[in-house]
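We call the chains A, B, C, D and E, going by the order they appear; numbering starts again at 1 in every chain.
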Amino acid sequence: MIVDSAIYRKGRRAETPGDLSDALAQCRASSDDAFIWVGMSEPTAEEFDQVTSEFGLHPLAVEDSLKAHQRPKMEVYTGSLFTVVRPLTYDDARARIEASELMVFIGESFVVTVRHGSSRIPAQVRGRLEHDPKVLGRGPVAVLYALLDAVVDAYLDIASELQVDLEELEEKVFAPTGGAETGVAGVIYSFKRQVLEFRRATGPLSEPLARLVAGTVPYLSHETKPFFRVVADHLARANEAGDGLDRLLSDILAAHLTQVGVRQNDDMRKISAWAAMAAVPTLIAGIYGMNFVHMPELRQIWGYPAVLALMVTAVTYLYFLFKRRGWL
Amino acid sequence: MIVDSAIYRKGRRAETPGDLSDALAQCRASSDDAFIWVGMSEPTAEEFDQVTSEFGLHPLAVEDSLKAHQRPKMEVYTGSLFTVVRPLTYDDARARIEASELMVFIGESFVVTVRHGSSRIPAQVRGRLEHDPKVLGRGPVAVLYALLDAVVDAYLDIASELQVDLEELEEKVFAPTGGAETGVAGVIYSFKRQVLEFRRATGPLSEPLARLVAGTVPYLSHETKPFFRVVADHLARANEAGDGLDRLLSDILAAHLTQVGVRQNDDMRKISAWAAMAAVPTLIAGIYGMNFVHMPELRQIWGYPAVLALMVTAVTYLYFLFKRRGWL
Amino acid sequence: MIVDSAIYRKGRRAETPGDLSDALAQCRASSDDAFIWVGMSEPTAEEFDQVTSEFGLHPLAVEDSLKAHQRPKMEVYTGSLFTVVRPLTYDDARARIEASELMVFIGESFVVTVRHGSSRIPAQVRGRLEHDPKVLGRGPVAVLYALLDAVVDAYLDIASELQVDLEELEEKVFAPTGGAETGVAGVIYSFKRQVLEFRRATGPLSEPLARLVAGTVPYLSHETKPFFRVVADHLARANEAGDGLDRLLSDILAAHLTQVGVRQNDDMRKISAWAAMAAVPTLIAGIYGMNFVHMPELRQIWGYPAVLALMVTAVTYLYFLFKRRGWL
Amino acid sequence: MIVDSAIYRKGRRAETPGDLSDALAQCRASSDDAFIWVGMSEPTAEEFDQVTSEFGLHPLAVEDSLKAHQRPKMEVYTGSLFTVVRPLTYDDARARIEASELMVFIGESFVVTVRHGSSRIPAQVRGRLEHDPKVLGRGPVAVLYALLDAVVDAYLDIASELQVDLEELEEKVFAPTGGAETGVAGVIYSFKRQVLEFRRATGPLSEPLARLVAGTVPYLSHETKPFFRVVADHLARANEAGDGLDRLLSDILAAHLTQVGVRQNDDMRKISAWAAMAAVPTLIAGIYGMNFVHMPELRQIWGYPAVLALMVTAVTYLYFLFKRRGWL
Amino acid sequence: MIVDSAIYRKGRRAETPGDLSDALAQCRASSDDAFIWVGMSEPTAEEFDQVTSEFGLHPLAVEDSLKAHQRPKMEVYTGSLFTVVRPLTYDDARARIEASELMVFIGESFVVTVRHGSSRIPAQVRGRLEHDPKVLGRGPVAVLYALLDAVVDAYLDIASELQVDLEELEEKVFAPTGGAETGVAGVIYSFKRQVLEFRRATGPLSEPLARLVAGTVPYLSHETKPFFRVVADHLARANEAGDGLDRLLSDILAAHLTQVGVRQNDDMRKISAWAAMAAVPTLIAGIYGMNFVHMPELRQIWGYPAVLALMVTAVTYLYFLFKRRGWL
């Protein structure tokens, strides 16, 4: 489905193109840096066909654009530069990262963006650029820059959110009273999966950005390179954050395992202490439950209270002994 | 054993070659891009001998083709390009990856495919290509492309199936009631072995594909390079999936270990709570089982019911105490 | 906020510049290597604006300078060399590394330093350089050197402090009586986080320093290269220290986990030994508590003391048995 | 000690050389590709001296040849190419890899092989080559090839044997009834040591073989390169196998650890179930052992059998309860 | 402090230099490859000053030489080649590696060695070289070679000693009766620290040696290169040994952890078996301790011995049951 389609002249939105082929020829002929931007969402092969032929997109890139589940990458074809990125959104409630996909073709006087999934980045970026004619006036490459910038900035935001979640997890795991709940290992594992998803989006994007910074792809002007450098720099931070999260989660899992062991030992000591405090009076009671004829204590009037007192004393003594040793 | 053998002209199956030597000379002389495709399955040295000499295959590559257990690789010999790949199939019932082997020789006007194991890919690809004269018309390199494409697509399918299995495993491990069964560690380990087998097939194939994309091997035309780029891209996804599975399985094993510890602690607490609830009335019974002459309670008519009531009260109190602390 | 601003001539502090633009023109025209050094702290966009335009700083670098949370990096812009470093301080009491940020622009006859956070390094370095005209006389690049040197030396100091903390942790973990406290895993984890923070500052700085050593950035003179080599060397040591700490902390956590297991086993044995020592006399008492009419021992005058003696003997025997086996 | 020494002409064993110096001069002068092959076993410095001087071997290589414990490597000296490899044998009974060492000098018209340890590869290869004049006729480089081929093929055989051992270990560890024996961790560790020994032999050999394949060392002819490529390919498989074994052993150890935890929990539950089944009748017996004067049940003729029945019922109930919950 | 200082002519010790400056000029002028070797130990800045100025050492290298805690490295300065190595000694009794430091300047006709710590290598090497005029006659570079060779050979010796210690540790950990002592984890950790110290000395030295082998530093002659190749080879072995030790120690720690778990399970079973053997007769005694009026057994003359026999039978039965199941 074509979501939006417009001709931009001097960085300002002009008319909606009627026939793409005519519009393209006209843009290329014009002297005011005009270009067409076609935005599509999960197009069918039929919908895509026209765009493909008008703009001369490469069949392989078109095939990639029709199917989701592509890796982030950049490919140079005759007549167009094809880029795939994975915009991410973070569903805080479910602590789950959602990946969508965005394919961008830029060429002489045209941009085609194809979106798979629910990412609002193409629409947001178009809106923002339409209020910034200075940037938009630089042409298709500025659109690519703005899209990559928006996607990578979203990565940094998600990295921050994950960081906050990590801190909550840390508090939960290392709280003096907690840390041995059944679900914690599952939470950490699920967190690791999200981080893996995160890195799956950020990691492979490094190589395309390095090529944009190095300027080894077409359609770049000299003055746009520093902008891509900034994006590359942000991506490096996102990658670093993903890497750090991954390591810390491994560490937290290892620490949690140790804590479970310590907790178990603590519980075992506590349980044993109470068991000992029951065993001693039981033993005493057992002794005075023996049926010997000649047990002088049994006849004494003070026998019973004395034994009860002995029991209480023994239990009290054990209680403080264990208390002092930290078993209780 | 020669499974199938045919001459292709302009991308269409023509006659079955009689004498290979004559047919090859004729193909090379013809102006219609004709080529011979010989498909073999676990050939004996004798069966292979004729093909070898007619097509001028290198003895070392022939030796490799006769024995299975080769690594995926690509080697350039005078007169032919030799490629080894490991097609995989996934036996879902046994959760086991089966590897077969496929050797491909391409040269001027000929393709020889040698299959070890039960992979149906050579037959499927031949069938598919015979319905696609446009592709097949590009000659031997198109056959190589189609085979690699089919093999790598199968990798992606298997990666998806493994992903599904992983999710089932996750549910099993992190289910609130489960997760401490004896067999889980064995299942995870066996899964890791399958992933290793998977990576053993996908990993070493990167280098041959990189060479095909870079165009540093013979028999490639300029227009076939983008196609190999797509295959390389899919392989990169397969490799990434294998890598991700491997990490997640390590994480799942670590999480499972932690869970076993937590489960053990939970069980220990539950057991101890019940033990305490038995120990207290046992102690009380012991006390009133003592044989002191002067134990006034023993003579009271309400003594026995009172003690029973005390026991019930103590047990009830402990029950709620442990309940509140989450030990039961 | 502009913290300090001065013109330096022949390595000595001269007047405070009135108008930056005039001062810069004058410095560039002068023959005495004069340069302006403007030091700012968390400047607002407005405060920064003037500096930006006078010195011709690149808008992207300026944007980076206004926001904290940059990665250490070095970028070459027309007219200036932009460097970001992360000075660290170590709060020993809270065992926490605090990172601030320092951006340095050097260009022809000017230095601009921008500080985020509480690092006192820019002020200290300015003070030190003002007493060392020989170094300061080399111009802006000497300021960059001096700042990097101070930052990296602080890394080495922090590495030493972390080393000391590690040794304290080792003593705590491997003390014969200790090692199973609840908090240790949390302490190790928190230590790992600090080391990660440390490496986040030191790691990405390697690349800028390698470029300074290789001399592939502008504003370097041949004789300043060896100085950057020293800084790079110190940074390599800091990186190595961070790496070593990270590994040792992983090892310590693994060793701690093992120790928790050993400790638990020791405790279990000790508890069991005491339980056995209570169970045996309880059993004996149970036997003589049976109500058989014909139990000859019960009638003997020595029966009761003999059984008591038997109990004591059994317990004593068990005590020494367990002692000898190391269970007590 | 010189084990064997012969002159080979046209790939066939000719006379045993009398004086090495004369023989070498004669071989070099002859037109029939004659060369001398001297095979030594743990030579003393004296024994080696003559060979050294006659063949002009480099003192450093000679020093290396006299001492065992060299790393696999290849060094080019004036007049000779020096190669060190570590042939391995596998003692299946003791599950132990034995490493020996083999040094090979090749030069113009001579081969010197020096063996440390009990490897039979030099003798086997000489025997095999003497029956294969076609290969041997290619001269010294063919001997080097044949030796490397034999050594690397032995690596592959050992890798297969280790694979079989791994499968036995897997069965042992993951058997439903087993897996918690005391010795298993030790067996896995010892296996890892063998794999390390294996990799110590195979790993460093990659670099010499890469140089042989690239043809950057002297004494190679163009037609021998593909042969070394085969050896390099086999070595890559051996390296891959070693790597895979190493990972799987780490995984098996981790899985084993988890299983020990699961087993412990199972045992704990089983033990606790039986303990509960003893505690309940003990408590009942305790209650009816109390000495209250007014316990009406005690006087009933059905009291005793009723209580016994109660005990049996309680135990039976608990038994089935625990059975149903999987604790027994 | 200057430890030793001499002029060497034709590889033989000649006079002790009076004035360094004159001596140096004279050496340089002489035709007999004369050179001065000054050996210092922890020199003060003052002591070093004279050497610095006479030999034209670079101030940064001098600064490095005055402070210990340098990383192994090699730097080329105008007029001298500066090398830092970390000689190691192994204190077997305390199982601790001691690192000292050695700085070497070589230049035209001079060598300056600076030692920090107690390493006896400079003195030993000087002594050895003074008896080997052939080597010493090659001048300053021969001294550098001899020092590096001695340092690296000491690494190999230490690697052997660590290997022996590892084997002792293995025996201790995997002994059937041992392996669960409290201290073992601490011993393994401390061993890992030593290995880290070892690798800190050997690892960074690879790069300087690679440069010496490649011949990209001054003062090397063509014939000295093979010697440095030998040293580089030995260093590679030391690095490999360090790497192997590190891995094996990680493995041993993991195996030890598993063993602790197995041991704990074994102990738990044994304890439980004994507890069961006490619980059964206690239960029986409890039953016959009940006060029912109608318990016919109590009146039988054989009642008491029969119950005792029942108890003994039950315990004996359980004993053999547990024995057969391997719990005892």
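Here is the rule we use: a residue touches a chain if its C-beta (ideal position, glycine included) is under 8 Å from a C-beta of that chain, and two chains touch if they have at least 3 such contacts.
For clarity, every value in this text was computed on a predicted model and none was experimentally measured.
Contact with subunit C and subunit D alike is made by E. Fitting subunit B to subunit C on Cα positions gives a rotation angle of 145°, stated in steps of 5. For this pair, subunit D with subunit E, the centres built from the Cα atoms lie 26 Å apart.
Averaged C-alpha coordinates put the centre of subunit A at 42 Å from the centre of subunit D. Under the contact definition stated at the top, the residues of subunit E that touch 2 or more other chains are 254, 256-257, 261, 263-264, 268, 275, 279, 282, 286, 289-291, 295. Viewed as a network of touching protein chains, the structure reduces to one closed ring of chains, two contacts apiece.
A single ring links the chains, and its order as traced from subunit D towards subunit E is D, E, C, A, B. Residue ranges on subunit B touching subunit D, taken from their complex, read 58, 60, 63-64, 69-71, 73, 75, 77, 180-186, 188-190, 192-193, 196, 200, 204, 250, 253-254, 256-257, 260-261, 263-264, 267-268, 271, 274-275, 278-279, 281-282, 285-286, 288-291, 295, 297-301, 303-304, 307-308, 311.
Subunit C meets subunit E in the complex at residues 170, 173-174, 176, 226-227, 229-230, 233, 236-237, 240, 244, 247-248, 251-252, 254-259, 261-266, 268-269, 272, 275-276, 279-280, 282-283, 286-287, 289-295.
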